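Scroll down for the structure; my scribbles are underneath it.
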Amino acid sequence: MMPPARIKSVQAANAVIPIDGSRKDTEGDGIKLSALFRTLLPWLAGAACLTLWQLNFFHVLLSLEAYQLPVPSAIVLSIRDNAEMLLRYAIYSGTEMLGGFLIGSLLGALAATGASFFPNSGKAAVTVLSALNAIPIVALAPIMNNWFGDGIWSRIAVVSVITMAAMAVSLFKGLTSIQPQYDELLHSLAASQKQFLWKLRLPHALPSLFAGLKINMSTSIIGAIVGEFFIASQGLGYLLSDQIRLANMPLAWACIVIAALLGIVLYELVVFTEKKLLPWNQTRTVG
Amino acid sequence: EPSQPAAASSGESEAANPSLTKVKIQLKWVPQAQFAGIYAAKEKGFFAEEGIDAEIIPGGPDVVIEQQVVNGAADVGITGVDSLLVSRDNGLPLVSLAQISQKSSYRLIAKKSTGITSPAQMKGKKVSTWFGSQQFQVLAFMEKNGLDPKKDINLVKQGFTMDQFFNDQVDVATATIYNEYHVVLESGMKESDLDVFNIEDAGVGMLEDTLIAKKDWVDSNHEMAVKVTRAILKGWNYAIDHQDETVDIVMSHVTEGSTTREHQVTMLAEIAKLIRPEGFTEKQVGSFVQESFARTADIALKYGLIKKAANLNEALEKSVYEEAVK
Amino acid sequence: MTSQSPAPIHQAVIPSANKLIDVDHVSVVFGSGSQQVTALSSVTFHVASNEFVSLLGPSGCGKSTLLRLVADLLQPTTGSVRVAEQEPRRARMQRQFGIVFQTPALFDWRTIRRNVELPLELLGTPRKECRRISDELLELVGLTRFADHYPWQLSGGMQQRVSIARALALDPPLLLMDEPFSALDEFTKEKLQLELLQIKRSTGKTFLFVTHSIPEAIFLSDRIIVLSAHPGQVHSIHNVHLPAERQSELRETEAFYQMITTIRNCFHEERDASNVPAFG
Amino acid sequence: MTSQSPAPIHQAVIPSANKLIDVDHVSVVFGSGSQQVTALSSVTFHVASNEFVSLLGPSGCGKSTLLRLVADLLQPTTGSVRVAEQEPRRARMQRQFGIVFQTPALFDWRTIRRNVELPLELLGTPRKECRRISDELLELVGLTRFADHYPWQLSGGMQQRVSIARALALDPPLLLMDEPFSALDEFTKEKLQLELLQIKRSTGKTFLFVTHSIPEAIFLSDRIIVLSAHPGQVHSIHNVHLPAERQSELRETEAFYQMITTIRNCFHEERDASNVPAFG
Amino acid sequence: MFLRLGKPGYRVWVLIWIMSLLILWEGIAWALHLFMSPQQAAARLPYLHQVMDASIRYSGTLAEQGAVTFGNAALGFAGGALLGLLLALLMSAAGWLERTLSPYVVSSQMVPVIGLAPIVYGIIHNAAWARILMAAYVTFFPIIIHTLKGLKGASREHLELMRASGASRTAHYTKCLIPSALPGLFSGLKIAAPLAVTSSIVVELMGAPDGLGVLMVSSLYYGHAQVGMFWATIMLSMGIGMISYLFISLIERWLTPWQPEFRSTGGGSA
């Protein structure tokens, strides 16, 4: 038998990471919970937070007043009272957001794809493109207003610009970080550049593409809302900035809640699409 | 009569003096001559004389002054009376310590090329103004001139640039006499290219810059409130009397290159006329003019900015001002 | 192939106290629906301490799956696996075994030396000791020159040797090896085979060894377990009656050839019994 | 090991017009500084059309590197490689060869069938035709049942068979195979060996084949090139004088055993000549 | 493989791109000035030389304010990166934790900073801390997304090896998961680095005595006279963003030399 000095005891007993879809049990994980509880947990956590919030727990804890942070019931009432306007504004802002998200992600993806064909200049182009992320929306909004007028297009443009870089950087990484053996295979098959892209790079980059889409989904909500702070005369961002200045916190928070719901729904849509589109990516993942 | 600072003359040594009480002052907007009196008070040692170490916090597009003061991020702040009234209406326990500007600074401007020579011609036109609580004197102006602000004009939000006006995205824009109006002139337009409508002259001006603090802060720091107010009012009188020197002080507080001295000279000259209008004595600077407040509160109520009539007795902490100018 | 296979099952009788590995009626089912694959079906066998047992069987019959069960990388769908008389989990936590996977599974971000030292690092072995052991093992597998290279700079066979060295680093009492010599030339392979036997003799280690080479299995093993495919089942178990002291010369003996024929026949038999191409 | 090796070099004389692969004084050096490795040093050989040539040699001697040179996946540091009398690049563009890598290199996101169909897709073969060919090839490698599985659901040997099927999909005149049968059991291997020979006979294909199994090399090849290591050089080239029609029974013949001994001796010789453990 | 950062080609190309964009800029500005009034044209895109002129004239101020902003950005970025990394690690440790946290992490990104400002200032009166917090808040999301993707992409063989070696949970992370996630983490960092500059500026708009954001707002507010300065601040913030990106790329190359794209010799390069 081996010398006892080289055996370390059971000290590391909780070191189990589920590896494989076929593992029926996840027993032994560091933090165990029953299956039902695990499914319910996100909801329970939310409900608990809301309850504590409603009961002024956070207000007491952080010494906040109702005029700084309204309670959920006040927000709900405000949503009910302004339902028609909120819906109209949600559609308006949602349009800006989706429009910008689609255009920006598409432009970013095209840029990354184009760049992936050119070793040095491509990577350099993505570097330069990444600087778009460093322009704050406050500066973009006036510029886009000058270029595209004061209508919905100026916010779509803002959102497009701020979503482009994240997609370009994410996708470019996915398109170019390929194990040499796969490159060699297609090379030996005399695949054309186009085939390299469609048969190897893009499928390999799909997880990165979705990472970019997820980031952009949240960026575009912020872009649309903050873009509206500047000169828009409708939309959730317009209402939010107005109501914050008016210290009408329940309605301001109603805007935030509606925007967040809108964002989460669209985000989940991206996650859902990813699950549907990448079946090979599922069972092998950890956690 | 420049009062020679007793305690200290420069901000740095002031801060080093431990006997001074720290007071944070939240400006409504970026450092500029709009707040010249406060900078003068600091640089000329008026705060120090009162035992105060004043920290001046600039504002910005996303800064909500009332929230800053209510939060305790600042002790006193400069905001508009409209804004103060609506905040109070929504439950924020804020009061005014002194009224800085006594007249509306708002002008409506139109390019001559639009052919708008009278308010009535604004019918059906696109008019821009700042939103939040700041659009109500424009609404009142329209009604005063026989236009229904809801139907007869297309009122849109104006940003903090005049680009909408330059780009002809709007027909009529709002301009403060101390800034935007001159921004337009500095762009190469001449006064003769513009039609200018004065809201104050139309009798529907609302009060703007006012000094606010949280009610319970005033109650427990009454002396301090008086001292701050006194220093600021003294600062304003000094600024108005020594405009050239004060512009230098302001320029030393703005980030180099963010504005020009000429612009600030004009700004101080214009704002001085709002703070110590013709007929006002030095003592009257900062006073609460009942009629102006009543008008402001009426307009706010009439157009739904506030839901219940403002209680001006509570909103205005007159005792502070009175003790300050004693 | 069914468990009523006509082949004789030679099961050496070993005191139950000496079942270092005990696989008891284990089945493993992967996937579901039309993609369901029964990788193992009611497999029972055990390995005694200081025994060298080889698993032989057609491609896809479940050899790697079996190894992963023993290593606690997979739970059986039914049946039970025990290692050193405890749950595989506990054996694993006590680092009772080293494992060589079918693929080298080297960490791209570590040099060859640091790949070999990985298990030692996990144990918190002092730097110097790590270095000494990795030097020794790299020497053993003939890669001293490549200590500071990265995995992608090595040939397939070299990578495989690194993973063998890594499995030996902890000096564990049980070694699980999945076709460890498949990418090696005959002479490197032979040298390492002799090393394994030497290690077994001198340290009393136990081996569970997967291979496709019948001669290799015979040369190394005390017992050979032949599996049949679809579903994976124990076809037959063979005691290897060869001298304990194995030398290269053994490969030329009559007994050796006979054994090869015996085992090869198992395969043929199976192929003929089921009238389908069982080994495809 | 030096090129003045005492072993005889039997070089079959072939009309130069028939050099399908012509490797001429090729050297490959990887890395630089202390990490510099001379993978191949002045290697010269050629392969005639419809010839089956095997590369044998110790682990790390440069067999895979040679294959990658021929496949235009690597440029020689010095020397030249020509395939079908042209630059390897042109041969590659004309899809003159199929290749089986040492690792399966399957695409995770494609099912087994679609992995096999990949080369056809690249050529723009119609769907139906793709399907027909992949059906046939999956049948050949015995994976019909697993057509719709993903690569990670397959055992190592099964993955290897998929990559063999993929290389055959285009029906190329030249096949480059890097230890294609290393992870297969003897019977699956034997079946596929016979398939290769059958393909060679019926279609006139040429094979450049890397293996570690001397019997396999002899059974399959017309010629065997033995490489020595560090740096990789041609040690000797052997014509295999066995009947063109190869049957399993051949393996039991005297001629076969003799050939094994001859080749094995090359290795021994080399090891003894240089007094270092050359195969480590 | 493609792309070697170390090759002069890459850096030269960055310069080539920047130069071409600047030339394009001047060209567009010139075209705009052909059929628009100077104010209108300059509001859309001023002449590059006009912006350069302001940049040079106020280079001292710009450098000073840029340093302030960059300092905040770096601090917020560090905080955000750490927070993102930590959350990603936690979320990868247990599926239920990921499912519980992710809706909240996602919704946190949907809340515009201005909505939070009153609350944050209400809780933390210290403006410096508020800035750091807000900057971190904006930057952590891309890092979570990419790190999580990297952590989940760890190869099955590697994980099995760690498991079979009886590696502790910590060792799983330090020896296997984190190294596999590093390339992903760097993608996240590359997205977050320029974003940190943005968020630093955003925080400056919630009230700060100095910084590029203050310059930006003032220049906008004072109109045409300051248009050169406004664009100069934008160029500078883009420059800072790009330099942070380059810096991260350098660290990436240094910390993850094993990535295919950095290999000095390798396959497929024929």
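Just so it is clear, A, B, C, D and E label the chains in written order, and each chain counts residues from 1 on its own.
Throughout what follows, a contact is a pair of C-beta atoms (placed from the backbone, for glycine too) under 8 Å apart; a residue touches a chain by one contact, two chains touch by 3 or more.
Note that the coordinates shown come from a computational prediction; the quantities given were computed from them, not determined experimentally.
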Can you tell me the least number of steps between chain A and chain E, where a step is a move to a chain it touches? 1
Can you pull out the chain pair that has more C-beta pairs in contact than any other? A-E
List the centre-to-centre spacing of chain D and chain E in whole Å, with centres computed as mean CA coordinates. 49
Report, in whole Å, the distance between the mean C-alpha point of chain B and the mean C-alpha point of chain E. 37
Compute the distance, rounded to whole Å, between the mean C-alpha positions of chain B and chain C. 84
Among the residues of chain B, pick out those that touch two or more other chains and give their numbers. 61-62, 64, 67, 70-71, 161, 163, 167
By the touch rule stated above, which residues of chain D touch at least two different other chains? 30-31, 68, 72-73, 103, 152
Two-or-more-chain contact residues of chain A, please, as numbers and ranges. 8, 12, 15-16, 19-20, 68, 138, 142, 146, 180-181, 184, 187, 229, 241, 244, 284
Tell me, which parts of chain E touch chain B in their complex? 38-40, 43, 54, 57-58, 60-62, 65, 113-114, 117-118, 121-122, 125, 127, 202, 204-210, 213-215, 217-226, 229
Where on chain E is chain A touching in the complex? 1-5, 7, 9-14, 16-18, 21, 43-44, 91-100, 103-104, 106-107, 109-115, 118-119, 122-123, 141-142, 145-146, 149, 151-154, 156, 159-160, 162-163, 166-169, 171-172, 177, 183-184, 187, 190-191, 194-195, 197-198, 201-202, 205, 213, 216-217, 220, 230, 233-234, 237-242, 245-246, 249, 259-261, 263, 266-268, 270
Provide the residue numbers of chain D that touch chain C in the complex, in ascending order. 30-31, 34-35, 37, 56-60, 62-64, 102-103, 141-143, 148-149, 153-158, 161, 178-179, 182-189, 191, 212-214, 264, 267-268, 271, 277, 279-280
So in the complex, which bits of chain A are touching chain D? 181-182, 184-192, 195, 199-200, 203-204, 206, 278-281, 283-284
Write out the stretch or stretches of chain B touching chain E in their complex. 26, 29-31, 57-64, 67-68, 70-73, 160-163, 166-167, 179-180, 183-184, 186-188, 254-260, 263
